[in-house]
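Next up, some structures in C-alpha cells.
Two complexes, one shared chain (chain A), two partners (chain B, chain C).
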Partner chain A sequence: MIKVRFFTLLKLYLGINELIIEAKVVKMKELIFLAREKTEKDFVHKLLNKDGTLKKGTIILINGKNILHLDGLESIINSGDDVDFFPPGGGG
Partner chain B sequence: MLIIERKLLRINLSSGNITSETISEDLIKKYLGGRGLASKYLLNEIDPKIDPLSSQNKLIFATGLLAGTNAPTGGRYMVVTKGSLTGTIASSNSGGFFGAELSHAGYMLLIIEGKSEKPVFISIKDDVVKINDASKYWGLDTHKTTDQLLKECNDSKARIACIGPAGEKLSLIACIINDKNRAAGRTGVGAVMGSKNLKAIIVRGSEKLYPKDPVKFQDAVKKKVELLKNNDITGEGLPALGTKILDSIINQNGLYPAYNFQQATFDKILEVNGEALVEKGYFKKKVACYACPIACGRSVTLPNGRTGEGPEYETGWAYGAACGVSDLIAITEANFICNELGLDTISAGSTIACAMQLYENGYISRDELNNGPELKFGSSEAIVYYTQAMGTRSGFGDKLADGSARLAEAYGHPKFSMSVKKQELPAYDPRGAQGHGLAYATSNRGGCHVRGFLISPEILGVPEKLDPQTLDDKPQWVKTFQDLTAVIDSAGLCLFTSFALGADDYRDLINCGLGYNFTTEEVLTIGERIWNIERKFNLDSGISPEEDKLPEIFSKPIPDGPQKDNVSKLEKLLPEYYKLRGWTEKGIPTDEKLKGLEIQR
Partner chain C sequence: MFDRQIAYWGMEKQKLLENSSILVAGIGGLGCLLSEILVRAGVGRIYLCDDGEIDESDLNRQFLYYKEDVGEKKINIAIKRLAKIHSTTEIVSVNGKIDHDFIIPEDILGVVDCLDNYESRFALWDRLESGMFLVHSGVERFFGQVLTLIKEKSPMLSDIFLNLDENTRPIPISADSAAVISSIASVEVIKNIFRNPALVNTFLIIDLSDFTFNKIQVC
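Take a look at the complex of A and B:
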C-alpha cells in the first residue's frame, strides 16, 4: 500500500488530498499513471513534459526525499512509502 | 525624460532646504539605481558608526533603474539607510505603485536628512516639493493616514508611503507601508523615518520615462513578459496561490520551522497553508503591483467582513507555525494589524514566538503580561493581542517592540532569538538547505531570505536542482545569487521574475535602458560591487565578520521530519565563500578587491 498525496495546484485542481495505491513495489514513472487511473481528471501534464520527462520545478518526494536525488522517474517505491506530488512552485 | 536623467531630490528636515541634483551617468553605470546607487550615496555621506536613530542618519528612497517603465515588475523601490534593528546597512524593498510614481515625478533618489522638530509629511508633485505639518496625522494607522492624506491633497491618484504608530514610537521592527498594504519591511526602516518625525511622503508624477534604446527595449520587454507568462511558476503557481504556494513544499521537504524552530515540520500545516486560504473561501482575488504580469498579491476577506491583503508565505509562517498557531483567521488578523500599525510581519511574528518559548520556560512571568493572554504556543489570542500591543508599545508590547534579539538578551537567554545580526530569520530551517544557511549568515542586512534565495535551487529545483545537503558547490551559488539579486534590486525589478528569467535577460533590459552593451559578466560585476560596498559599510560601522553566524540551535540535529539529524555545516562553507569573494580569511574585502571594483569613499 502506497500513499500518494497531492499538494498546491494539484490539490485544488483534483479536489482530493490523497489516494492509496495497492502495490508492493513500483517505479515512479509507473506510479504516476497508476494514480492517474484513480483520479477523475488527468494531472500528468502538470508534472511531466510531453516527452515524459519531469518538468523543471516539479517536486516529487518519496518519504520527503526528492526523486531527483534518488533515481528520478526510475526511483523505486515500496509498500508503506509516502509519495508527495507538487507541480512547479516558488515564492518567498 | 530619459530614465537616466532622473534627479536626486535632497530634503533636509532640520533646515527645510530642498534641492535637486543631477546624478552622474558614470555612477549609474557602476551602480544602476535603487539599492546599489543608494548604498553608494549612503557610504559616501554618513559615518557608518552613527546611531541609526540620530539626525545624522539619512533615509534614502531609491527607485530602480527601470522603475516607471513598462519592464515587467518595474515599479519597485528600496529604502536604504542605516537600519535601526541591525545597525547594518538597510535596504528594504517594496512593490506597489509608490516607487513608479516617484520615478514618474522625475526622481531616482530621494535623500532625507536631519530631523524635523514637529511631525511633517513631504508632498512631491513633479518639481513642486513641500514639507507640510503632519500633526493631525501623528498617531493614525497607515490606512487612515493614507485615506485622509489623499483627501486633503485632493488627488486620488497620488501614491503614499508612511509609517504607523510603530514607526512613530521607534519600534526597531517598524516598517514603511506604501499603497496601504505593501511594505519596505525589514531592518527597522520605519523607526528611522519616525526618528525624523516624518509621517508620510505623498507623490504624484507626470513625466513619461524613456529608455535609451526604446525600440530594442520594447522588444526585450515583450520577450521577457512572454517568458514570465509561459513559466509554470510565474505564469501559473504564483498567480493561483500567491507566495503561500510554498507552505506545503517547504513543510514536506522538512525545513518548515515550527514552535520557534524547535521543529522542522508543522503538524497543523493543512489548516494554514496556501491551499487552505483558497478552500476556506478567504481568498477573494489576485493583486498585482505596477507593471506586474504575475499578480502574487492576495486580497482576502475574513468571515467577520474584515478585508485586506495577505498573508504572504513568510507572514503566514511567522504567525502560524513559528508560534504553533493553526488559526488562519487569527494569523490573517495579525497580518492586517501589522500593516495598519506598520510592523514587519516576519520580525513581529518571530518575536512573539521567541516570547512564547521564554514564557513556557518560565523566564517571562505571568505577572509581567499585565492581564494579557498567556504567551503559549498555539494561542491565537496571544498573536493578535501582542501584535496590537507591540505596534503601540503598550503594556508588555513595549518589550516586544524592539525584536527578539533584544528581548531574549534582556531575559538572559539570547539563544531563543532566531536571528542573525539581530534580525529574525525567515521561514526556512537552514539545516535543511546548507546554501541557504550560508546566505543567511552572510546577508548584508542580517537574517534574510531575499539576499540569496538558495531555496530556489536547493528545494524548488530552479534554475536546476541541487542537493540541499551537499557543500562543494554552494559558496559559488551563494555568491552568484547574491550578486545577481543586487542587480535585480538595483534595476528595480521583482526578485520573483528570477524564477523565469536569467542573468542574460536582466542584462538585455539593463542594456536597452542604459544604451550600453554590458556582457552578462559585467552585469554580475555590478552586483559584486554593490555587495562589497554594503559589506564595507557594515565593517566600517563596527560589525565584525564574526557575526556571520547562525543561532546555536542549528548546530544541533533537526529533531523531526525528512531532514531529521541534519545540522548546519556553515563553518565548512564560510572559508571557501570568503575566498571566492576575494576577501581575507577573516572575511574582510582586500584593498585589491575594492580597488578592482572601483570602490572608494
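Take a look at the complex of A and C:
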C-alpha cells in the first residue's frame, strides 16, 4: 500500500487530498499512471512533458526525499512509502 | 510595554527576544507584517534587507507602505515605519542584493526568508554560518509553506526545492494569504528564538482553500 498525497494547486485541480495505491514495488513513473487510473481528471500532463520527462514546477517527495536525489522517475517506491506531490508557493 | 505577552510567555522568554538579533530577508508581502510582528514582540535587533522600490502593485499586500511611498526604497520606508512602533528594537539596514557575495551580520541567531525568488533564497542559505536557523516562507494564491532549516544539520534548501519552475511571473498573491503565511512564519521565528522550533526539517503546508494544514518531514 502506497499513500499518495496531492497538495495546493494539484489538490484543488483534482478535488482530492490523497489516494492509496495497492502495489508492492513500483517505479515513480508507473505510480503516476496508476494514480491517474483512480482520478477523475487527467493530471499526467501537469507532471510530465510529452516526451515523458519530468515537468518543472512540482516537487515530488518519496518519504520526504526529493526524487531528483534518488533516481527521478525511475525511483523505486515500496509498499508503506509515502509519496507527496507539492507545487510550492514561490512569492514573498 | 510588553506586560501582556510576558503574562503569556514569561519574563525569561521576553529576555531571550530582547537579546536576539534576526535578519529578515525581503520586506515585501511576507516581510512587512513579519518584521512588524517581530518588532512588537520586542526582538532586540532586526536587520532588514531589500534592494527594491515600492511599486503601486505592492500596495495590495505590503502592509508597511502607502500610496505616497510609491517609488521610494522599501528599506527606507520600512525602517521609518517600524521605528515608530517603539524604541526597544534596533532596526538596522543591510545594503545590497542577496547573492553569493552577501555578508551575513555576525551576531544573528538566524534569518527569515521572506524573499520572492528561489535564486536569492538559495544564495541566502549558502551564506549562513553553521548552526544558524533559516525560517523559509513562501506564498502564492491561497497557499503557502513554512519550514525551519538549521545550517550544517538540515538538508540544503536547494536540494529540497529541486525541480522548481521560476518562470511564472508575476506570482498571483493577495493580502489575506500573505498575512496568514507571514504570521505563521513569525510564530516559528519566535519559537526558534525560544529554542523550541516546531518545524525543523518539516514543511507546514497551509491551504486556505479549505483551511487545512499538513506537515511533510523532509530529508
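Keep this in mind: the second predicted complex is superposed on the first by the 89 of 92 C-alpha atoms of A that agree within 3 Å, B and C clash if a C-alpha of one lies under 4 Å from a C-alpha of the other, contacts with A are read in each partner's own complex, and residues count from 1 in each chain.
As a working rule, contacts are C-beta pairs under 8 Å (C-beta built on N, C-alpha and C of every residue); 3 or more make two chains touch, one makes a residue touch a chain.
Every value quoted in this text rests on a predicted model; they were computed, and no experiment measured them.
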Partner chain in contact with A:I60 - chain B first, chain C second, else both or neither: second
Partner chain(s) touched by A:L68 [first = chain B, second = chain C, both, neither]: both
Partner chain in contact with A:L12 - chain B first, chain C second, else both or neither: both
Partner chain(s) touched by A:G90 [first = chain B, second = chain C, both, neither]: both
Contact residues common to both interfaces of chain A (with chain B and with chain C): 5, 7-9, 11-12, 17, 55-59, 61, 63-66, 68-69, 84, 86, 88-92
Partner chain C, residues of chain A touching it in the complex: 5, 7-9, 11-12, 17, 54-61, 63-66, 68-69, 84, 86, 88-92
Sites on chain C touched by chain A in the complex: 26, 28-31, 113-118, 137-145, 159-168, 171-173, 178, 181, 203, 205, 207, 209, 212, 214, 216-219
Parts of chain B lying in touch with chain A, wherever the complex brings them together: 232-234, 236-238, 240-246, 248-249, 252-254, 270, 274-275, 278-279, 296, 312-314, 426, 449-450, 453, 455-456, 459-465, 467, 495-496, 499, 561-563
Touch list for chain A against partner chain B, complex: 5, 7-9, 11-12, 17, 55-59, 61, 63-66, 68-69, 84, 86-92
